[in-house]
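Chain lettering (A, B, C, D, E and F) follows the sequence in which the chains are written, and residue indices restart at 1 in each chain.
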Amino acid sequence: MFAHTKRLQYTVRVSQPNPGLANLMLEQFGGPQGELAAACRYFTQALSEDDPGRKDMLFDIATEELSHLEVIGNIVVMLNKGAKGRLAEGVDQEGELYRKITGAGNDSHITQVLYGAGAPLTNSAGVPWTSAYIDTIGEPTADLRSNIAAEARAKIVYERLINLTDDPGVKEALGFLMTREIAHQKSFEKALYTIAPNFPPGKMPGDPRFTSVYFNMSQGGADMLGPWNDGPEWQRVDERDAQVAVDGGDGSASVQVQQDDADQLDRMATRTMSDTSVDPVTGAEMGMAPEGDAAAKAPLA
Amino acid sequence: MFAHTKRLQYTVRVSQPNPGLANLMLEQFGGPQGELAAACRYFTQALSEDDPGRKDMLFDIATEELSHLEVIGNIVVMLNKGAKGRLAEGVDQEGELYRKITGAGNDSHITQVLYGAGAPLTNSAGVPWTSAYIDTIGEPTADLRSNIAAEARAKIVYERLINLTDDPGVKEALGFLMTREIAHQKSFEKALYTIAPNFPPGKMPGDPRFTSVYFNMSQGGADMLGPWNDGPEWQRVDERDAQVAVDGGDGSASVQVQQDDADQLDRMATRTMSDTSVDPVTGAEMGMAPEGDAAAKAPLA
Amino acid sequence: MFAHTKRLQYTVRVSQPNPGLANLMLEQFGGPQGELAAACRYFTQALSEDDPGRKDMLFDIATEELSHLEVIGNIVVMLNKGAKGRLAEGVDQEGELYRKITGAGNDSHITQVLYGAGAPLTNSAGVPWTSAYIDTIGEPTADLRSNIAAEARAKIVYERLINLTDDPGVKEALGFLMTREIAHQKSFEKALYTIAPNFPPGKMPGDPRFTSVYFNMSQGGADMLGPWNDGPEWQRVDERDAQVAVDGGDGSASVQVQQDDADQLDRMATRTMSDTSVDPVTGAEMGMAPEGDAAAKAPLA
Amino acid sequence: MFAHTKRLQYTVRVSQPNPGLANLMLEQFGGPQGELAAACRYFTQALSEDDPGRKDMLFDIATEELSHLEVIGNIVVMLNKGAKGRLAEGVDQEGELYRKITGAGNDSHITQVLYGAGAPLTNSAGVPWTSAYIDTIGEPTADLRSNIAAEARAKIVYERLINLTDDPGVKEALGFLMTREIAHQKSFEKALYTIAPNFPPGKMPGDPRFTSVYFNMSQGGADMLGPWNDGPEWQRVDERDAQVAVDGGDGSASVQVQQDDADQLDRMATRTMSDTSVDPVTGAEMGMAPEGDAAAKAPLA
Amino acid sequence: MFAHTKRLQYTVRVSQPNPGLANLMLEQFGGPQGELAAACRYFTQALSEDDPGRKDMLFDIATEELSHLEVIGNIVVMLNKGAKGRLAEGVDQEGELYRKITGAGNDSHITQVLYGAGAPLTNSAGVPWTSAYIDTIGEPTADLRSNIAAEARAKIVYERLINLTDDPGVKEALGFLMTREIAHQKSFEKALYTIAPNFPPGKMPGDPRFTSVYFNMSQGGADMLGPWNDGPEWQRVDERDAQVAVDGGDGSASVQVQQDDADQLDRMATRTMSDTSVDPVTGAEMGMAPEGDAAAKAPLA
Amino acid sequence: MFAHTKRLQYTVRVSQPNPGLANLMLEQFGGPQGELAAACRYFTQALSEDDPGRKDMLFDIATEELSHLEVIGNIVVMLNKGAKGRLAEGVDQEGELYRKITGAGNDSHITQVLYGAGAPLTNSAGVPWTSAYIDTIGEPTADLRSNIAAEARAKIVYERLINLTDDPGVKEALGFLMTREIAHQKSFEKALYTIAPNFPPGKMPGDPRFTSVYFNMSQGGADMLGPWNDGPEWQRVDERDAQVAVDGGDGSASVQVQQDDADQLDRMATRTMSDTSVDPVTGAEMGMAPEGDAAAKAPLA
């Protein structure tokens, strides 16, 4: 069960309203790397996790992310406070409110008009949050890697937001939130490595013929070597012919269909057959201008 | 530039059509952990990557994932081949086609009716693929971690699909695809660790007051200890009061608004003030049944 | 700030796994009327609410909905517990697992394969949750009505789920969750009616010429009368001509454009003008079969 | 069946093109509270409604909302008329068109480039309309409440749009549309209250143990009292312990699984067990800079 | 303005309820090729069309598609009528309702539980309708081609639905709807060809160096010839080298950046440089099992 | 199988960074008419196409579109190059970076902050790409028409983008991409017309009673005539009564339900019956201000 206390995990002190900055902050409220995504990610993992230690950790961190969602949401609300009353009470004159809302060079008009200067669960472009952002799949050796990566991404987005504001109170609160992503990544790393072995993830081993092969699929210039494709552990395949049908077959796809199904497929093939022996006049050709008219068209560039 | 060869990277031999299985396979064609997501993830990273070695690797793997998309797509098409002609030519009688399509205990009717027994870019539930699945953010120390996690997840989904089919040709091709995820994960791991340091990701360090703190947010039972929250490197915070307003402030949110904005906020507050001194009759109360009628309602459970 | 206690708000006792039922339950976990939607709805309203009483109430109920999300999530996880290990450990033989997952006449294969028998934030069709479900707009006289309606809808969906299960433990927990929606609706009703006046919502009055008009737009049969369109407070408009251009104008749309813009519009009009004086041969006509062939097509029905 | 007359329900007179304002207007064309959402909401309810009076009313209002969609769509088209020809005929020089389209501080470039200065079914941020906005569930005591709330929200968004424009013709047409939302809300209210009883919605009564309980979930400051949580009809629960496991159980979740399923769960648990007795070196630790390097990182803030 | 008459454009006579078939029918109610998509497509084009003839035609057909939406919606509602009351009144016993809803091998449980046996604006998989289905872009020579294609697709989906049902009343109504797509396609073809020239669409001619080139990008087997890539009008390019950098440049991408931006890019490059001179130990390697353990893993296949 | 060469199909030479223009270019990278949509459209068709000539053509063009995706992606990346390092290295001072990113009058802040100045698969509004854009349905006489239309739309969007930029290198590369859409349209036209007959699409003929009828649904002004509704081949229906129930029935919808289902429907009807004999006081009326207060509200406009 969850409980709520009326104080924030980190005090929010905003110097002055700035709806443009508010909208950028939405990235970590309702964006793909934001706090709702983090909270939902760990919460859903916690629910189905059977290992008591990991389950406890996942609930700890999910709950903290909810508390961070509250912090970033308060930053958004404070930054939007300026126009809120003006928008609701409609006292504006001579288009000032219109200029305020649309003139900031950003999407704050969406926050203002549709959401009444609140904190909507969208990213900074106004795209609604979707659980498609969450990649929980229920296997800890994969999910913990997903969590590590998610914390890394969230850390970077906070870093960018910090670079974009001069408001010291906002900078400070964002610095706290960014730092916590680092701490969480450390916890998830520990949790991953206490599972041994954890690679390859899951239970099934790879086919040894293909686990150490590197297919050099991009060619035509200097191929770069690195420990990811070079060294004793790698078998590098450069020849195009050796990259195809690596099973030794003919590289085709086949299936055995029943006779009556095959008959229907034949009928469809006959009906939709392309008669390549003719060069039919097409709709496009009928729609073309006569030679003379084409010249009248504007030249390219 | 991309080029295409008419042979597959791995030969696909399907024993017999099975539209239900085809739909499960869509998970790795147009699902969140599938091959289109993988190809698009690495392709977008390759485009903006400036390090020549990583750029080459990302194009190599993106191109291979496109080739895998073709393999899994062919598996889907072969598994759907049975009903394709029948559906197109409409010779079915007495509801047999309806039973075939809806009776399989799965969503294959969507593949069949809407997409004509083809291979749509949806997951196994028919949900359209979205680039919201892709978490590329343009910082290699984060993106490589995302790639490692993505390969881990894809490996697991292949593992589950292999467990769900008895068709040896399908099993074999899936085994190849699963194995390649392992190889790719290995490459991405190497690429991450050749960047030093790579933790914390990005450029900005954390606030040292909070990088090693573990907030025990979930309590009320036995708290579990592990290297993720216990040991010399962690400072564990159990007290609820010490978890709140960790900056030492009052945990509130504040902003300074201009006087005229404040005036409008006051007007809004006055207009929408809740008068808690009265207990108003509500719409719900007006809609309630008189006592006697309530008894006539069905008892719970 | 949020805190978590390891015990649920309501004990969950599931008789036996049932992945089909688990999927139906997702409707209230990650569906449009579900608990995540409820929690996010009230949480976002609480953030920007300035009235201290309503703000407190909204946090109270948002927090309870999060706790309900945990209860329904646990029901899902318990109902999915059967196949979880089997799917992960891959010991299944002879297609039994395939039949279990696809044979239930529902979408549980998505829960199982993609999410590893966990509790994904999707509805019962596997559609990812989206914040487009949330209709918070930041005006209390509208938002409270939205909340009243949302609680009513959620109550109904729980009622249907209760009707669909025989498991007494599931029925009992669902009964609790359903009941709480009733209690929440009562609170929101009280909160709405302590704002006086609250109708029309917002600040601006309607245009008195049109506030009591009922346009009878659907005709051609017996028109039904009720207090929603009949009585002294309504002015009913039946005549089609009186429904059009009710402002007394000509019902057209116009704008004044600058001369150079008008010139370009003229050029576009000329370029794309339909020459209705000719009856051109079309692509469709070229694609038609000669008379004789048409007869060969299958007759309708 | 629907019929169309070439005149609008309300004459649209726009003073001059303004693509930025056009985009704001999209909020009520293809946005969540807009006219397409309203029309689809009442139309889908009308289709399955069996009560002849409500069915008639729903078709009346759905048809009027379609007519409103046409009015707001014409406003958008008129406001976009300026750049339409210029964009299509490509006569612009020296970047003027670019500045016109991107310089307005809003999203009008989307309307212009992708939709050719037409009226797309998106909200003001360019997010495509989705039927996820529609909350029809087929129970009149819930749907009518949803309709009341939807009309209230739409009224507010119109109010805000009116505040944002100085164009008297636009203001007047918006005023008509806003007023009709008030009239529709009145009709839906009447329709709801002619169903008696209508609370609780649906058929099933609540569990009397929990219908009048108010859980005080948010604490830690002055708890606010109001008729929504205080008074003779409410039983307020403040104690945290009394909020947990309110059924009197232990607040856990349980299910009985078959022995062979339990065996597989054990195997999974063993395979993915966290060995908390060791403090493993993690990938993050390997990726950390040596002490000296860390100092070289930029200080926070 | 729209008006509504209470009779349908085509009488709907359904033999008996069939929720599975109802769900298939949703494909043409709220699916991508369905009637809402058609109505919205033509309606949005009509709004911004300036040619009076095409504008009239577009409103004619948009209005008819709305009327078709009503027909197909009534088919869905009639097919769902069986379980509607049962679901709402909750009198079911012994799991019969659960079996009815989930046992049909389709997604009808979504229609039933979430939408109360109504007609939701989703496709047959329960995916909400989105205006992303609509491809109106505001240029008639493109939009009319889009309309022709849309009618062709809708015709095919109706054809498949007709093949899937034995109910003569449903078959007959679907036959009418399918036939009207043919008639509409004919109208759109006529409208396209009265614009002369209409190819290439729009105003700008192609670059004559590339308008008749066919790049043979897929090779490695027998290349097929047809009038689409062979004949006097085509210049076929088979050589891989001639397909690259067809402008005669080096096929690279370049931009000139200012010095201070270049400096920052250098700093980023240095910070994230891959040191390929070392073969670092990775997280994956640390997570691998020792040799002996690997053997314990389950063999592939 | 796909292969990649490190050179582009067309050299990209960008004069200088311009993040606003970069965002407009996203329209053809991750927008509905963009290159990913094109590549996926033809690739999915190629997979299930059985005609060898069309299959080859579809793979040819799909592969070229992937190569175009790479070209447009490089344009985006080059245009974004300016701020990339600055954003990553965080050296900006005094809000310059904020002004750069938000001051351009466009959505480039999304590209910059969330995607790190890369090339995300979104449209120019930041809306994630979705496979709902792809209308492949697996019948060549429909799919080829869809392809023709898709090429026409893409051509137009390129034309508009060319009009919006002054950068000669961008203009030139866009000109190439635009031209290739023309060439592709020509190929698809040829492929369509080699199938004979190809109209009506699919196999089933229309009902001859309705294939040549034109319903004049939009009236009330001068009805426009054109070859799409007038001439010997059309039967025009103007009378409203003749447009309704064209099958000769009563225009109603009916179904036969079993007695026990009918009983439940009756119970539901009784429970939710509207009692139109009373004029109930509603929630709205209770929420209205007394007469005097209403006057205090702000007058409309």
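Keep this in mind: a residue touches a chain if its C-beta (ideal position, glycine included) is under 8 Å from a C-beta of that chain, and two chains touch if they have at least 3 such contacts.
Here the structure is a predicted model, which is why all the values come from computation and not from measurement.
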Reaching subunit D from subunit A through chains that touch each other, fewest steps: 1
A-C against B-C, pair bridged by the larger set of C-beta contacts: A-C
Averaged-CA centre spacing for the pair subunit D and subunit C, given as whole angstrom: 9
Centre-to-centre distance between subunit E and subunit B (centres being mean Cα positions), rounded to whole Å: 21
Subunit C-subunit F separation of Cα centroids, rounded to whole Å: 22
For subunit D, residues that touch 2 or more chains besides their own: 1-9, 32-33, 53-54, 56, 59-60, 63, 67, 74, 77, 84, 88-90, 104-107, 114, 116, 122, 125-128, 130, 132, 137, 139, 141, 148, 156-157, 159, 162, 172, 175, 179, 185-186, 190-196, 199, 202-204, 206-207, 217-218, 220, 224-227, 240, 243-244, 251, 265, 268, 271, 274, 276, 278-286, 298, 300
Parts of subunit E lying in touch with subunit A, wherever the complex brings them together: 141, 192-193, 195-199, 203-207, 220, 224-227, 231, 244, 274, 276, 278-280, 283-289, 293-294, 297-300
Subunit F residues within the subunit A interface of the complex: 1-7, 50-51, 53-54, 87, 90, 92, 94-95, 97-98, 101-107, 109-110, 112-114, 116, 122, 125-128, 139-141, 148, 162, 168, 171-172, 175, 179, 185-186, 189-196, 203, 298
Subunit D-facing residues of subunit C, complex: 5-17, 32-33, 52-57, 59-61, 63-64, 67, 74-75, 77-79, 81-86, 88-89, 91, 130, 132-133, 135, 137, 139, 141-142, 145-146, 148-150, 152-153, 155-157, 159, 162, 172, 175-176, 178-180, 182-183, 185-188, 190-191, 194, 199-204, 206-207, 209-218, 222-229, 240, 243-258, 261-268, 271
Touching residues (chain side subunit E, partner subunit B) in the complex: 20-21, 23-24, 27, 31-33, 90, 104-107, 123-127, 156-157, 159-166, 217-221, 240, 243-244, 251, 265, 268-269, 271-276, 278-285, 300-301
Complex contacts: residues of subunit F adjacent to subunit B: 1-9, 30, 36, 40, 43-45, 47-48, 56, 59-60, 62-63, 66-67, 69-70, 73-74, 76-77, 80, 84, 88-90, 114-122, 128-132, 134, 136-139, 202-204, 280-283, 286
